[in-house]
């Protein structure tokens, strides 16, 4: 057992009643304290390093789980060696990242080059920890036969945590829309009644969806009759929201017809190729196509002609022309995404994305002077 | 569930080689080795597209697709920051409509920073980076509404697009806007080609920021990507050669073992 | 609209305003829905394969319908499911519905089964049953090969397997005559890998048109006995059954709407070519 | 106040459908109203399901029912995003964004093999005939497949100078690849038409059968 695990286990044990409230309050107070502390202690470079570190660790967790060997004994958290390993990897990673941050920022200066040395040192620390952890005796929990390593049990909780955290950003979307429409409504700008409709629709849908969720249908209702809140939710969701989705989706039937009409012109060889392929595939999909070529023999000396029956020919184009072309695109895209992921993960890009200097506190820029009321 | 639940040692090694090629190439470029980037037709029109809006004195609409914070959408934001910097210098407005509340702050932050980086922070308007809707088709109609009411002269579509793509572009075209689109996923490309003036296909999407900015980090990365693609081609040719030679024969033991490791 | 006003006749053909195209399409679809004109169709070999596989399944064995779809693909998978259920019940065979993908799809498939069962006077529990949604994809399929009652446990309404009469004789893969996978996702591979490949039980599938190209190689290798492709596959199965119905009807409308689009493209190109020639 | 919503739902559906279709003529006041209602409904619904499907079962219940107090840290991280509206504390928002961006990269690494690898290995196609596969089949399928794949892939090389020897080869095969791409895009276009049309057919069936047909039985019967 880890020396730390007993008090930790006690702290994170389920709590109820007053103990729960106190822990929640304590947790909140601790986080606020931590944030205030971070905000006061860290200056520009420290903040950037922290952001880079958080980005790196967030990615590292998901990456390691995938690439670490599965069912390896000494990597389990219940095992004393894993504490060493954890610490080693954390320290190593921190050193490596710090090295990268400082070196990319100050590439030309002597200090920059020197700080690059932190990268191999960090990696070395992790490796040493790894070997040390290996020597300790093993005990692994039951994983029900599924391939797993010590991080696997944490993947699902991590995904849930991210989902829950992400759910709290929904307020930003609300803020954006309410601000836009609220302003239109309050200032009676053109189209204010549309903004009013937006508010009514939003509030009604939210209210009745929740009421519906918390209302039980009484057992002795006539067939089809629902309590008010459920019936209203039915009208709003099944009667308006869903039909708006299906109707908008079905606009595509019109748009695809008009797009075909205007795009498939023999203006260039490329457009002509597209057109011919589209024609053949379209014909192959409907009875019209089968009807056009149903005369081609399926047996006898000219059986090979059945290859040109439109339904088969269309399928041949899809499977042997379209599929490899899509695959070629996919290979390129997968490599492109890999490179983008690497650049983002290691914070290699400067300036392209927002990885420039975050402003230190107390130096207000004029950036926000416009826009915000 | 499947064969690729976790990587085995061979796939891990391969991943390390691919990553190392890209990172090494980035570092080389950052140190000053010059990298070549070939012309990409759709992307050379980006400045012309912004210029059109400037000339007409109308805003630009930028849609980053339906994605949340993921790699595809981050690349879209990277293209967006380039466009914002370019448009800001000509005092042309860019309206961004997002479809994900978590993405919204990231988009706002990158747009604001883009304005700041060219010294035009006074032009930044918070209401120009909007949350349109989290629903795919409400997003489509809402975006069409923005194009119609703001009379955008140019529309950019970069990101993860699905069935809603054609609703956006067909209406944008009807409004007479110049349209440029790019999407890594091929399924919507045919409709972009049919309705947009310029289309960026497949991997060109990820090459876009390198092409536009010529930032050493990015051009270096592009060269690294080409090396990885060459490696993939070599692997495929090797595989094809092996199965062709062996067609109709039994696989030798060592090859069967290798193929298992590779997940064939 | 931004279309510039045109002058000559050919030029006008080249620039038909959007609204007219939309109107034409709406008229053709409505007209064909109310007063249909039918195209005769010959069934494709892959659809015939499904039909033959159902007919060849032994009457004393169960057919599993893995209806792994929900509302998002119902336009195609729904008619496929109905047509398949009809083919099974008209041959006096039994089926069990299963859903490995979407809990929301269970009710939809159930409603279709109830409607089809009514047509053939089939009884729930004797001629068909609904195992409902089961979590675990490949693990469920692996479980089914060895121990069906233990894997299924209870049906969609919560009735224990032991109380479903038709399940009394069903123990493992040997009691399954055929598996039909109906979905818009790549579930067929799982059935091939963990069921067909292990037990040799015949397998057929019904999938959305978008997914179809990936599966022809399995047809070639006989890992799949047959395949219904999109709504067209459903219509072909209806035809093979001798009962053209909703799917067939929709395919007729589709034919006419496709014809309209093809004509529009041809007209547009004629306009384009001939107006160029006029200018020269 | 209980009532049977059936008939209201049918009418609302019909009006909403027609309202959206009015955009086909042009963007107009009715379609604009529909758009705003649509956006409002989607936001209200998003808020409701954020509570009922995410926060209630995954956050609130664990705290209140199971006593897992440490879930209180989740909103702390979530609300860091809101600091973007503060000039001095916006770096805290970047901290939270950094976490999400890093995770996105990690997820992308995990997705690489499941997405890419089966496609790589299934491209290992034999290029000669065997007793069971005849030559025409091999050429029409495997040869074609490999040629299209490699030429298309060669189109996506960006950093090779065209005046070098590999550059010349790449630019030739790349332009061939671009032709193949166009064929593929045409095929994809054609392959999608039917699915899109069936969406509209479904709507028309509703309007004629369930809505008008509700009052005019002749039409309902004509539609089956």
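The chains carry the letters A, B, C and D, assigned in the order they are written, with residues numbered from 1 in each.
Everything that follows uses one rule, which is that a residue touches a chain if its C-beta (ideal position, glycine included) is under 8 Å from a C-beta of that chain, and two chains touch if they have at least 3 such contacts.
Keep in mind that what you see is a predicted model, and the values were worked out from it rather than measured.
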Hide subunit D: connected chain groups? one piece
Two chains sharing the most C-beta contacts: A-D
From subunit D, the most remote chain by mean C-alpha position: C
Taking each chain's centre as the mean of its CA atoms, subunit B sits from subunit D at a distance in Å of 15
Just curious, how far off is subunit D from subunit A if you go by their C-alpha centres, in Å? 13
Chain centres from averaged Cα atoms put subunit B and subunit C apart, in whole Å, by 35
Name the residues of subunit C that each touch 2 or more other chains. 1, 18, 22, 25-26, 209, 230, 232, 254, 257-258, 261
Multi-chain contacts in subunit B, i.e. residues touching at least two other chains, fall at 7, 15, 71, 74, 101-102, 105, 109, 134-135, 137-138, 141, 174, 186, 190-191, 193-194, 201-203, 207, 222, 225, 229, 232
By residue number and range, which residues of subunit D touch two or more other chains? 20, 23-24, 26, 32, 34-36, 38-39, 41-43, 45-46, 81-82, 90, 94, 100-101, 104-105, 107-109, 112, 120, 123, 146, 149-150, 153, 156, 181, 184-186, 188-189, 191-194, 197, 199-202
Quick one: in the complex, what on subunit B touches subunit A? 5-7, 9, 12, 15, 18-19, 22-23, 26, 30-31, 68, 71-72, 74-75, 77-78, 81-82, 101-102, 104-105, 109-110, 112-113, 115-117, 121-127, 129-131, 134-138, 140-141, 149, 163, 166-167, 170, 184-186, 190-191, 193-195, 201-203, 205-207, 209, 213, 215, 217-218, 221-222, 224-225, 228-229, 232
Under the stated contact criterion, what part of subunit D meets subunit B in this complex? 20, 23, 26-27, 31-32, 34-36, 38-39, 41-43, 45-46, 81-82, 84, 90, 93-94, 97, 100-101, 104-105, 107-109, 112-114, 117-118, 120-121, 123-132, 146, 149-150, 153-154, 156-162, 181, 184-186, 188-189, 192
Touching residues (chain side subunit C, partner subunit D) in the complex: 1, 18-19, 22, 25-26, 29-30, 33-35, 75-76, 208-210, 230-232, 246, 249-250, 253-254, 257-258, 261
Applying the document's contact rule, which stretches of subunit B touch subunit D when the two form their complex? 2-4, 7, 11, 15, 35-38, 40, 69-71, 74, 101-102, 105-106, 108-109, 132-135, 137-138, 141-142, 144-145, 148, 171, 174, 186-187, 189-191, 193-194, 201-204, 207, 210-211, 219, 222-223, 225-226, 229-230, 232-233, 235-236, 239-240, 242-244, 246-248, 259, 262-264
Using the touch rule from the top, collect the residues of subunit A that touch subunit B in their complex. 65-70, 104, 107, 147, 149, 166, 169-174, 176-177, 179-180, 183, 191, 244-245, 248-249, 251-252, 255-256, 258-260, 262-264, 274, 325-326, 328-333, 335-344, 346, 348-354, 356, 365-372
